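Below, each structure is written out as structure tokens.
Paired with subunit B in one complex and with subunit C in the other, subunit A is shared by the two complexes that follow.
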Partner chain A sequence: MNHERIVGTAVPRKEGREKVTGKAVYVDDMVLPGMLYGATVRSQIPRGRIKKITFETSVAWSEFVIVSAKDIPGKNCIALIGDDQPCLASDSINHPEEPVLLLAHPDRHALRKAVDAVSIEYNPLPAIFTMEESERGSEIVWGTDNVFKTYLIQKGNVDDVWSRADYIIEGEYSTGAQEQLYIENNGMVAAYDAKQGITVWGSLQCPYYVHKALMALCDLPAEKVRVVQMETGGAFGGKEDYPSMIAGHAALLAMKSGKPVKIVYDRAEDMAATTKRHPSRTRHRTALSRDGKILGGEIEFTIDGGAYATLSSVVLSRGAIHAGGPYYWPSVRIRAKAVATNAPPHGAFRGFGGPQSIFAMERHMDRIAQVVGLSPVEIRRRNFLQPGQTTTTEQVVRELIDLGKLLDRAISVSEYQTKKQEFAIENGTGATKKGIGIAAFLHGAGFTGSGERYLSSVVGVEGCADGGVRILVSSTEFGQGTKTVLCQIAAEALGLRYEDVTIAQPDTTEVPNSGPTVASRTVMVVGKLVESAARGIHQTLKLSGMLGDSYSAEEFRAACQAYVAGHGQLRSWAQYDPPPDVFWDDEKYRGEAYAAYSWAVYIAEVSVDLTTYSVSVNDFVALQEVGRVLHPVLAIGQIVGGVAQGIGFALFEKVIWQQGRMQNNQMTNYIMPTSSDLPPIRVFFEELGNVHGAFGAKGIGELPMDGPAPAIVNAIEDALGVRFDSIPLMPEDIYDAITARSLRGEDEVASVIR
Partner chain B sequence: MRSDPKDYELVAPGSLQAAVGLLARSPGEWLPIAGGTDVMVQYAAGKLPSRKLVSIWNLAELRSIEVLANEIRLGAGCTYTNIREHGVIGREFPMLSSAARWTGGIANQNRGTLGGNIVNASPAADSLPALLAYDAELILISVRGERRLPYAGFHAGYKKTKLAPDELIRAVCLPRRFSGYVCHARKVGSRNAQAISKVCMAALGRVAGQTVEDVHIAVGSVAPVPLRLSETELMLRGKVINESLVSAAKKMAVAEIRPIDDIRSTAKYRAAVTGNLVAEFLNLLSADGKA
Partner chain C sequence: MSSSGEDRSKSEISFTVNGEQKTVLAFPMERLLDVLRLQLGLTGAKEGCGEGECGSCSLLMDGTLVNSCLVPALQAQGASIVTIEGLDASAGSQRLQEAFLECGGAQCGICTPGMILAASHLLNKNPRPTLEEIKEGLSGNLCRCTGYLQIFEAIATAAGRETAASS
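Showing the complex of A and B:
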């Protein structure tokens, strides 16, 4: 059925040549005449009130531009969902990296001494650093109860199932903060002139988020704020909300000084001050029948949002909806809560709550399997969602997904059964124990619930004077392949060559708001709009009599040139139109949570060295159904990269906190895996297609982040026979657990009630 | 970069004599910088207290590797790459080759020097346990002349050495008398490459049958200085390797070290792994005796 010529092939990256030849222009490459460099003076305490600010006399302060909260023309907040996060603290301090003052100087080397020469006196207040402290409420650090947001998802009557259950199985699982570690640190350049307003150029994911934040902060109308995305060296969600902060800072310095200002963070500042993945805690209480079928359960999902609300409510929402995994729950109650602590706000990171609650679900499935006496394979098979059944939000599964078949294929390519038997024999002797573990999961593509309806994204496609086609979207490229895949889609839709299509640099004066580049929505949702807008160009040319139904690339080019010559412009727009059968209830959190899901089964093989208690992942099978794969090389790249990040999440990446502050904000001490720490990552696709996505595509970017951690920790339990329910799982933790077990002299008795 | 280059002065004398002459004129004022793999990290973090730097990177006198009849003499300015690529070192001092391979990434190995690793005096330095195990000696140079001293004992405390303020390390000498020894070096880092050690060990020994004739065990990252486990060595010499000896050696090794909790690991983990590495080495030694 696939007649496509371009979609499904591995065309070269649009921006690839520029990147590998060093010609790509990143924000730190920009130098404007008279440009100053900016730096941020941050709070040093987790909570308190500013008493006094002193400028030490060692610095020639007259050379510096100094901005405080008093210089803000508009509202002192970073406008996002709520407006609770100040751009600059004026009085209250709620975390130890809070911006207080901004400095600018023509010599970037002069800034550090100046930052150190500002001393701030505080009246300190007691601070809280854990979810448990926040829940106890002995200190209220946000709102009236430290709670940013709660959700309640209810299906059936779970209170009825406990008396019927043959087994009731409980577990508590937790995940840590994780730093995105994009290659390029955050940075912005801002320039201001009274007539044109403010322009910022930067490393960012969501131009219109920055646009909205600058309008409120600078008190400027939409047309006097311009946001341009420069080539961006990675983001992973880490450039979703914080760029609005840095853009605001650069803009304030530019407005006060009348000169362009560049702020580029170094790695230490970027790691300490910007967002990370939300730490989480999930509690499961599950009722099962004797034959291992889930009857119902309660899930309590809690995340640590840090000091301000920022994106926590939406991270919480996705985490809560994914908390039940790819299983059928006849009844379930999911209580989700995001709480405040005095750490820098946590934010978006690939998976956005999903990796947290899925870690818990998939560890819990292995626990259930043990108690019920079934294999990890069989317990999953018996509980998989089937087409026609409903999810925890009572969304009917309309896709013809066969998770059992997916599981069979993953088992087969990983040689799961053979390895299980081999390891059982080999593990008897020797200082290395091997194990193999499974994770099955799903990931919803696009904004949650009515999110896409509210976004109402717009996409443009333009026929140019030279006969080429140009895509106009605010969707950004940050390494994942946006430019390439959207150009493939337009070229395919118009029957052109890939080379005939280009894509505009995201600039809010040039491109419409196609929504933020997040939530695995770009190819599926924006791509579909690009396809539709591209077809609109053909329609226009056809209606004007300049082009027939079938044409060559040259004929198209000629028609396009002629049309633009005659009419001045050839543009076609497409706006998101929600599918008619989609129902979502924001109040009850019920209905079609996502237009489409991607589905996956991952299998990890590990060995644990009992001399050093370190874990090696020896083999990794990643099998997923992601709809149509539009670019095989980029798609495999997404999976391999996501699995690598997932391995980091599980085994390496540990943020060391002290008083709400990251202590290991250097790449020497915050350990991400290197290529020599990674196994062969074997990627397999099933392609069912998807009516909602361009040429049948679904979301792919976040999915691979969800599965590795539980698959690996399940494999470690398989190897050692010791339970681990918390990540990151470091060799020190494994040593502690093994020692504790040998001291106790027996295995922990399972907490089975009946 | 969190430092201002205007605050720093860098000179690059053309000869070793000129360099030590400069040090002698104002002892303690100039910080020698070779490859800069430690100094520049401090500079970038805004934490380099010395404002006067003397580059010894280009001094040919420090870059030679001399193979003599009874020892090999490595100029202190030899890089890890020089060490990795040297055939005699690879054959006769494989644990030093391994340590050079473990240190940082390729770029660090091209710039980092053996002398720098010694004077930086990090207890976590990868090459130092190997030098201790091989009974290295140091030749120090100043305008006052040269002196030669055993490397063991050179580290006087955490980040402190016996180097006088007007001295440089000229060379590191390794005696060529370890052929036939069983060597076992292992780095336990937080990942397989580009990691700072949580524990590292370099050990060598010789058995006759199952009797330990000679044994050297050196460990890093588990005390304020890199350490030879002399008590454990003493206890092992002349004994027959068996399970109870291995267990006693583990205990004694743990008693000799002073590990701490820090940003990278815990004291109890470091102690347990040190014991395990000593046991692993003794089991290899025993297997060699049976072969």
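Showing the complex of A and C:
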């Protein structure tokens, strides 16, 4: 079936040569004539009102450009889903990193001193820092009830199942904030010209999000706002919404000074002020039959959104829909809630709510297995979703997925059974305990529910004067391989060589809005549109009589050249057209939540050193079905990179909070995995022959973030016989739990067994 | 804070970069990273952390791998510096760059100049490193995208070719 020439092969990364030679240009590498540097003066308290701002006299303030909320020409907000987040605080302070003033100066060193020479006095107000405080509502810090958003997903009648259940099993699980820690900090350069308007160049994921935010903030029409993406040094969701804030700041300084302004955060500011993964808490109450089948359950999923709404509602939605995992629930009730606290807003991070609720589900499955007396393998096998069954949102599984088969293969390549037996024997003695754990999961590709319909993305493909083909999309490259894979798709669709296809650097004056580069949607949704727009080019050449049905790359080139010479331009557009059979009810949260899912079984092997209480991951198997793999090297790179971040999420990366502020906002004390912390990560793909997406590709980018944490914590429980339901799981937590257990002298009793 | 006053406390510092003799005027404690990026336009070295933790500002100074965010400009006096821009020429570094391309060693690319310099430094000392030695050689360089495995593979591939080419 796979007779493609380019799709499925490891062509060189389009922008790879610039990257390996150090020539790729990132925003901090950019210098414009007369450029100033900009910096942000931030609040220092979590909540209150600004009483007075004092400028110390030691600084020559006349040399500085100073911008406050009063200088904003348009609306003082970062327009996204809602408009609640101000660009600059003018009165109320709702978290300790809130931007208050902007300064610009030609000398970076002078700027730093000046930031310290601004002092702000406040009338402080009581602040809240945990989901529990927020839910209690003793202080209302957002809206009328501290609640950004709730969802209710209901399937069947879950109230009926409790009386029929042989087991009712409860658990509560939590996950911490996680910093994206892209190695390139956030940054923007802005320039203003009364005639042309504002232009920003920056490190970002979503050019049209920034475009929309700048229009509202600067009160400019669409054609007077230009957003250009520079080479972007990692993003992982962390450059989805906050770049609009920095672009706004740079733009305001550029408008006021009439000079180009660069704002590049240093690491400490980036970590403290920009978004992180939402902390979460998930409660499960599950009814099971004697033979270990899920009868139904209630899931309560809560996330901490921080001080403003930003993307929390969408993160919550994805988390809620993934909360039931890849299992069949005859009935379920999922209550999801995003609440406000006085921390900087939490935002997008690879997986977008999925890693949080899946951690809970997969820990809970192991818990269920113990209570019911089945193995972790068997409990999963008995409950896996089958084609024809429905998900928690009553989406019929139409893909011919066989999760049992994925599980079998993962078990076999990881030598799960043999290791399980070996460890049981070896763990008796010795100060090192070994364990092995499983996580099975799914990840929906593309926007949730009606999201893609609302986005209605457009892509263009252009036949160029030199006979080559150029792709026009706002989809951004930040390491995942967007440019490469989209070029492969167009080349394949047109029967051209990979070298014949190029892709425009995202620039809102040049490329249409193909939607944000998020939600593992680029290859599946945008790729499909690139494929059809590319075919449109051939269609035009054919109708004009310049090209037949079969042609060589040279013939195509000649025809394209001739057409452009004669007509001036050759362009073809494609717009997202929702498939007719897709049903989604935004009110009831029911229907086809995602056009396609990727499926996976991950297995982690760990050892826990009982002298240091540290955990090492010794082996990791990542087996997944992501549809057609369009580029094997990039696909493996996505999986391995995601697993590494997942290992960090589980074992290394702990944000230490004090009064809503990150205390360890440095790479020296917020620890991500280094080259010596990672096990062999063995990646396997199953291909089912899918119909989705371009050449059968589904989403891949976020999936690998979901599985590592639960697989690892399941393995740790297997090693130690102690339950851990919270991550990050640090050596001190393991020490505490083991000490507590030996004091109690026995294992705790299963929660509720009927 | 007048600028003429500042110039007076600056010093002339001379060193070789990528084989070229350069003299700059800089504050003695200015970071070598800034001098290279801002004064000499050598932007291949990146600032990831500014505190010696990430290695994205790595370069070779008299044959030693250093984090240029921690090196005061004055320390570069008389030194011979190689940045990613200067690695281009030799056959060995080209093999490394090709291997990074082929094996997926560069994703977002921001850590890549530092990684390639660290790798080149490693291969100069140890042309056939084991996996453990590769890991050790990269211990000062963080990558958030790749999970390192394809970087290890790239270095092993380049090392293999290096040996093949020299035998």
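One rule holds for everything that comes next: the second predicted complex is superposed on the first by the 752 of 754 C-alpha atoms of A that agree within 3 Å, B and C clash if a C-alpha of one lies under 4 Å from a C-alpha of the other, contacts with A are read in each partner's own complex, and residues count from 1 in each chain.
The definition used in the following text is that a contact is a pair of C-beta atoms (placed from the backbone, for glycine too) under 8 Å apart; a residue touches a chain by one contact, two chains touch by 3 or more.
This structure is a prediction, so every number in the text was calculated from the model and none was measured.
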> Does subunit B (first) or subunit C (second) touch A:151, or do both, or does neither?
Replying inline: neither
>> Tell me the contact category for A:644 with respect to subunit B and subunit C: first, second, both or neither.
In response: second
>> If you tally the residues of subunit A touched by each partner, is the higher count for subunit B or for subunit C?
In response: C
> Is A:231 contacted by the first partner subunit B, the second partner subunit C, both or neither?
Replying inline: second
>> Just checking: does A:13 make contact with subunit B only, subunit C only, both, or neither of them? Give me first, second, both or neither.
In response: second
>> Which partner chains sit in contact with A:656 here, subunit B, subunit C, both or neither? Use first/second/both/neither.
In response: first
>> With both complexes overlaid on chain A, does A:28 touch subunit B (first), subunit C (second), both or neither?
In response: second
> Of the partners subunit B and subunit C, which touch A:184 in the superposed model: first, second, both, neither?
Replying inline: second
> Regarding the shared-chain residue A:142, is it in contact with subunit B (first), subunit C (second), both, or neither?
Replying inline: neither
>> With both complexes overlaid on chain A, does A:209 touch subunit B (first), subunit C (second), both or neither?
In response: neither
> Do any residues of subunit A touch both subunit B and subunit C, and if so, which are they?
Replying inline: 110, 266, 666, 668, 673-676
> What does subunit A use to touch subunit C in their complex?
Replying inline: 10, 12-13, 15-26, 28-29, 59-60, 63, 107, 110, 180-185, 231-236, 266-267, 478-481, 633-634, 636-637, 640-645, 666-668, 672-676, 678, 680-681
>> Give the list of subunit C residues in touch with subunit A in this complex.
In response: 1, 3, 37, 43-51, 53-54, 56, 83-85, 87-88, 97, 100-113, 116, 134-136, 138-139, 141-152
> What does subunit A use to touch subunit B in their complex?
Replying inline: 109-110, 112-113, 266, 268, 431, 610-614, 652, 656, 663-664, 666, 668-669, 671, 673-677, 731-732, 735-736, 739
> What part of subunit B is in contact with subunit A in the complex they form?
Replying inline: 1-6, 45-46, 188, 190-196, 198-199, 263-266, 268-269, 272-273, 276-277, 280
